[in-house]
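First chain A sits with chain B, and in the next complex the same chain sits with chain C.
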Partner chain A sequence: MLRKIAFTVVLCVLGALLLTGVAVAEDKVIKIGALFPLTGPSAVSGQNCLNSVLAAAELINGAYEGFDVPLAATEGLLGGYKVEIIKADHQGKPDVAKSEAERLYNQEGVFAVIGSYNSAATKPASAVAERAKKLFLCGASSSAALTEREYKYFFRHAPTDAIEATEFTDYITYLNEKKGAGIKTLGLIYENTEFGKHAADEGKKAAAKIGLEVVADVPFNNGATNLSSEVQTLKAANPDAVFGAALGGDYSLWVRTMKQVNWLPKIAINFCTGYQNPAVQKELAGDGDYFMGGMSFSPELAKEFMPEALKVQEKFYFPLANQEFDSDSLQEAVMLLVLGQAIEKAGELDTEKVREILATETFVSPLSLSGEVAFEPGGQNIKALSVITQIKDLKYNTIYPEKFKNAEPVYPMAPWDNR
Partner chain B sequence: MNHFLQVLFDGLLNGLVYALVAAGLSMIWGVMDVINFAHGEFLMVGMYVSYWIGFFLDVDPLFSWIASGAFLFIMGAATYRLIIRNSLGKSAMAPLLATFGLSMVLKNFCMNRFTPNFRLLSGTVLEGKTISVGGAILSVPQLATAAFALVLLACLYWMLKRTRLGWAIQATAMDSEAAELMGIRTENIYLLVFGIGGACVGITGGLMTSYLAVYPEVGSLFSLIAFVVVALGGFGSIPGALLAAIIIGLVESFTGFYVAAVVKYAAVFAVYLAVILIRPKGLFGW
Partner chain C sequence: MNTKKISDGIWYLLLAGALVLPFIPGGIENTFHGHVLTMVFLYASMAQAWNIISGYCGQTSFGHAVFFGIGAYGAAMAVVQFNSLPWYGAPVGALVAALVSIPISAPCFRLKGHYFAIATFAIVEIFNRLFMIWDWVGGAIGLDYPILEDGWRNFSWSSDKTGYYLGALFLFALVFGVVRWIDSHRMGYYLRAVREGQETAESLGVNSSLVKLSAMALSAGLAGLCGAFFAQYNYRVDPPMVMSLDMSMKFVLITILGGLGTFWGPLLGAAVLIPLQEYTRAYLAHLGSGVDLIIFGLIIIYTMIRQPTGIMGLIRGLAPRGRDASNDGGDR
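Coming up: the complex of A and B.
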């Protein structure tokens, strides 16, 4: 009888030890939420962003030689913690983003969330984080309002629409002064969302500063069945330049509709939109040529200024996404790498310590155009850089500023019947 | 004047496309009193069928609409046989929820298999072709789709009004029990109506790939507009659907240009509400 009891006790102890072991192994995981529009009108970009975060997680979790990227050479974080990405889909809807952020923090117990692409979704999701005193890292959402809230737990990599709009008008000034372009009027076409409206507001402010007259202001509902009246309104006003803020399918619809009505402005510059997505451009083929846009990554730019990004793309991103990085998705990977560095510097999984480090230190970032990331109060990356590119034959040529320029702009845009 | 004509033609062309999208929905709704929530996803599937045929076999949408129409006819009939028939007579909500579930399955299946990427067919016969009418520029692919819509709607109307099958469909819609007593196999009529509904939207989708990108969410707004067209035109009425769709196309186009693009859909729904308040059965309701 005693033998049986002893055997049972030993078995229980061994079982308990085994379970504890498993528990310890499970604890060596840092859960990070990846909240993106995986379905809905922005799903293409959302899936790219998610793949980008997954690629960065793979880079952190393994030990890889030959990459001059922080965290690549060592396995995991804090001496062996693996990063586990918990995926969540907000469908491009702010209310879903809010509830998914709550689920990620409260039920999944994530240490931080990366997301959420659409500024309209990032806004409520990061408000959840701020209330819960949890970290929220944002790669690509560009609405300036996000970093004007003075949040403590919110950090954003992308240049804001305000920065991009100023860059656009700087470029117009450059064209007018150096090339005698004679650009005097501006049209704006943008989706009627947090992102689109803010981008348009910043565009108008920047235009006013250089005396550019806004002659057409055309918001539209995203996911539209047609953009006929929108493009007709632009055509009727016939502005010299157009600033566009249309994502994915809306972008291709906009371009195709302009082709249908056989109209183009002298130049069309895009905020972070479908313009930046190589998949959208591939489908548009030659119709996408000569449009311009603000970007912080392109394969052409990376060859010279961000070679490590191309290596990461080849090894980690391409197998997942079957395409090249785009300017938006890459920034989400950067934010995970920055978070990883902050955790390493903190030496422990303490949200407050990591937040303090994020807020005060400068991070090496070979995947960013500037090579560095540092945040000001409010969470904006003060090192954020973007350039103006023009697409031709599926290549994003950098045309401004002079420092990064690798091609002369084709100006004015080649007419539809002469391509 | 040029702008007026352009806006007018844009509205007409869009309206005719809406009419064909809505025609199938209208028949199903009118005959069976079933709301097919997966109608937008049927459109999306039709577009994918045409796109992949164009992509792999280099068949132009001018011809691949036959395949997408046939595919959607079979899919519509199969939807009735496998899903709708089992949910009929259980509760009013059952077919509605069943088709809602089907819409989710179709959308997510396409999202999973084809990714959410936007796919545009390049190098189609009509790509980039335009004609000028009184200074207004008309896109030939859209014009072709609209012309097809008119012909198909005329055929559908003729079939309903002038053939024994059409009379059987109308009889089934009016009183299915009485129709059955008169020897009409209502079960077959339902199957056929679902098939025809699918074929209409399949043909539209097939043609639309010549100018519109295909992606898993493409059907969402079209399906919403189709519901408005059907309710405005009158359940089951093909001329009603045509008139309502043209009204909606014109309201959308004129409001979008002369008021503000951002309120064009709001105006569509406002007109719908106004008509429904005055005439709840719609313009030509059975």
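Coming up: the complex of A and C.
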């Protein structure tokens, strides 16, 4: 009997010690949720975004010399707090994103959530945050509607579809005026989702402003197995330029189908899509050449304008992801670094104070093309910049604007039988 | 004591226990378990609504996501487009779902067996495409709820799940209550008669077309109410969320896992499948590569191989032989 009592007491003491240990450990931890599509049609991009956030957390948690990046030189935040990333998978489904966001805030007790890549998933997940007065930081979701809701606790780094669409039409104007390109008609092909529809709508608005006639408007269901009829529709309309919004595998299917039907427009420019994913371009090999797209990061661009991003990529991201950053994934890391700076400035883990700092201050961001991040009411990063690149031999050459240009565009696109 | 009395006892005990749960500290409030329980009641109700036409009446429908979606759009349109209350939109959505189900299913009922099921598959795709391009209902972008004041008036809560839980429990009591009523009344006998042999039933004076259409309308209306709850719970609706084959398969899978054509089957199916789905995702998704989905899928495959008649079949197998099963809620 006595042995049983002693055993129970020892167990209780051990349990108490364990719990105390956990409590002590938790006292020095700042939990941040990372909510991405780790499975489903956008899984590859979601995994890249997660790895990017993990890389940024590693940079914050250790003390590293030789990096001109805020928070790299000191260990942790607030004098020793480690950032712990709590991973969650929303599978690309808005309802799952909403319930996972609730679980992260309520059960895991995260201070903020970073995510969620798909705009349709980001919307309900960030609504959870807004209702609960918790922070939600978004790196890559590009739907302009996200920052038109006048939310106070939502902050987004990426340029919106509206910004990108205007840049695309500016570039077409530039080509017409400076190169006599004669681009008069536009076709749109996009996944029929929150992201794709918004991108197409913004494309149409921007086209109308410069008098570009939309002759083909072709939505498709994401995760499609065949895009023949969609591409045939484009071919029949034969627009001079095409704006595309297709993620991951849909992008490669679109490009390959264009090759099958042996048709190309004069130029094809893509919103933040499968175009900017190096893995997708490797899969396409030479077939992806001469397509264009809006980007805020490429290794070529980074060499001159974002050298610290390349260092972070080499030291922290590559070991995790075994590939280079892309625009989307890098922006998620930036948001964790910006949040870290805001926490440091606040001096404590007070959501309201950190929110106020995020809303009012400008943050140094060597991993952003503009070098800075600042948010306007509604949460949009007013310093967001993107450039137009053209891919050739797996290299993203910057072709517009002039300030960032490192190559002349190949225009019109080289025909399929002449590559 | 016969099984009918046992079934009644379990039913009332379950309702009483479920009603008391939110008032126990830590029972629901803002917990993940509260979310899971809410989803169990919602999906059990959806599956039971489907069970009326497919289980009791024997017409396997893969098109219920359409009716579920119409109900969801009913509530969301009332809130988002008309700045009104979901209480108006939900019944209208359910009514529209019931009305839409009649012209859709009438021609399909001429088909039998697999052909009927295939036709209902196509209906989901048609409605999905239609809603994708219909700008008035938000098109592909869908409808997003504004931030609403918490409470029963808006049927919206941000900091406590108790309201949603009670709402789901009411829905569950309503749908299961309707099926209990059908089960013990003439309609239940008609449904089972049509299921077991349409020609035989007609020879005995049963108007099989009317029975099937009534069952479909009732089933669609109740599925629409479930859809309205789903939209309120998620603050958003878009066609892939609600009008997809993925959603239709949930109706089917839960019922088959629990026991097709049985009163308790949908609840048992939801009670196993939903926690499995939610907890594997919550606690295993961080491992990456969809480990949670692999485990989830393997468990379903194993269950279906070992017990094709569902969990109700397993329970019956465990019950002592010679038991009175004559009044077992019309179970097959």
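Of note:
Methods note: the second predicted complex is superposed on the first by the 397 of 419 C-alpha atoms of A that agree within 3 Å, B and C clash if a C-alpha of one lies under 4 Å from a C-alpha of the other, contacts with A are read in each partner's own complex, and residues count from 1 in each chain.
Please note the rule applied: a contact is a pair of C-beta atoms (placed from the backbone, for glycine too) under 8 Å apart; a residue touches a chain by one contact, two chains touch by 3 or more.
Computed from a prediction, not measured in an experiment: that's the story for all the values here.
Bringing the complexes onto one copy of chain A puts chain B in a clash with chain C.
Legend: residue contacts after superposition of the two complexes on their common chain; A:Val83 is shown touching neither chain B nor chain C. Legend: residue contacts after superposition of the two complexes on their common chain; A:Gln47 is shown touching both chain B and chain C. Once the two complexes are laid over each other on the shared chain, residue contacts for A:Ala57 go to neither chain B nor chain C. Contact with both chain B and chain C is seen for A:Asn192 once the two complexes are overlaid on the shared chain. In the superposition on chain A, A:Gln107 makes contact with chain C only, not with chain B. In the superposition on chain A, A:Ser252 makes contact with chain B only, while chain C stays out of contact range. In the superposition on chain A, A:Asp95 makes contact with chain C only, not with chain B. By the touch criterion defined above, A:Thr39 reaches both chain B and chain C.
In the overlay built on the shared chain, the residue A:Ala333 is in contact with neither chain B nor chain C. Taking the listed stretches 2-10, 56-64, 110-118 or 182-190 of chain C in turn, the superposition on chain A shows a clash with chain B for 110-118 alone.
The interface of chain A with chain B overlaps its interface with chain C at residues 38-39, 43, 47, 192, 219.
Touching chain C in their complex are the following residues of chain A: 38-39, 43, 47, 50, 86-89, 91, 93-96, 98-100, 102-103, 106-107, 120, 123-124, 127-128, 130-132, 145, 192-194, 196-198, 219.
Of all residues in chain B, those touching chain A in their complex are 3, 6-7, 10, 14, 107-108, 111, 115-120, 122, 128, 130, 137, 139, 142, 211-213, 215-218, 220-222, 225, 252-257, 260-262, 264-265. Those residues of chain C whose C-beta lies close enough to touch chain A in the complex are 30-32, 35, 132-133, 139-142, 144-145, 147, 158-159, 230, 233-236, 238, 240-241, 278, 281-282, 285-286, 288-290, 292-293.
Contacts from chain A toward chain B in the complex involve residues 38-41, 43-44, 46-47, 192, 218-221, 223-230, 232-233, 236, 248-249, 252-253, 256, 259-262, 274, 279-280, 283-285, 416.
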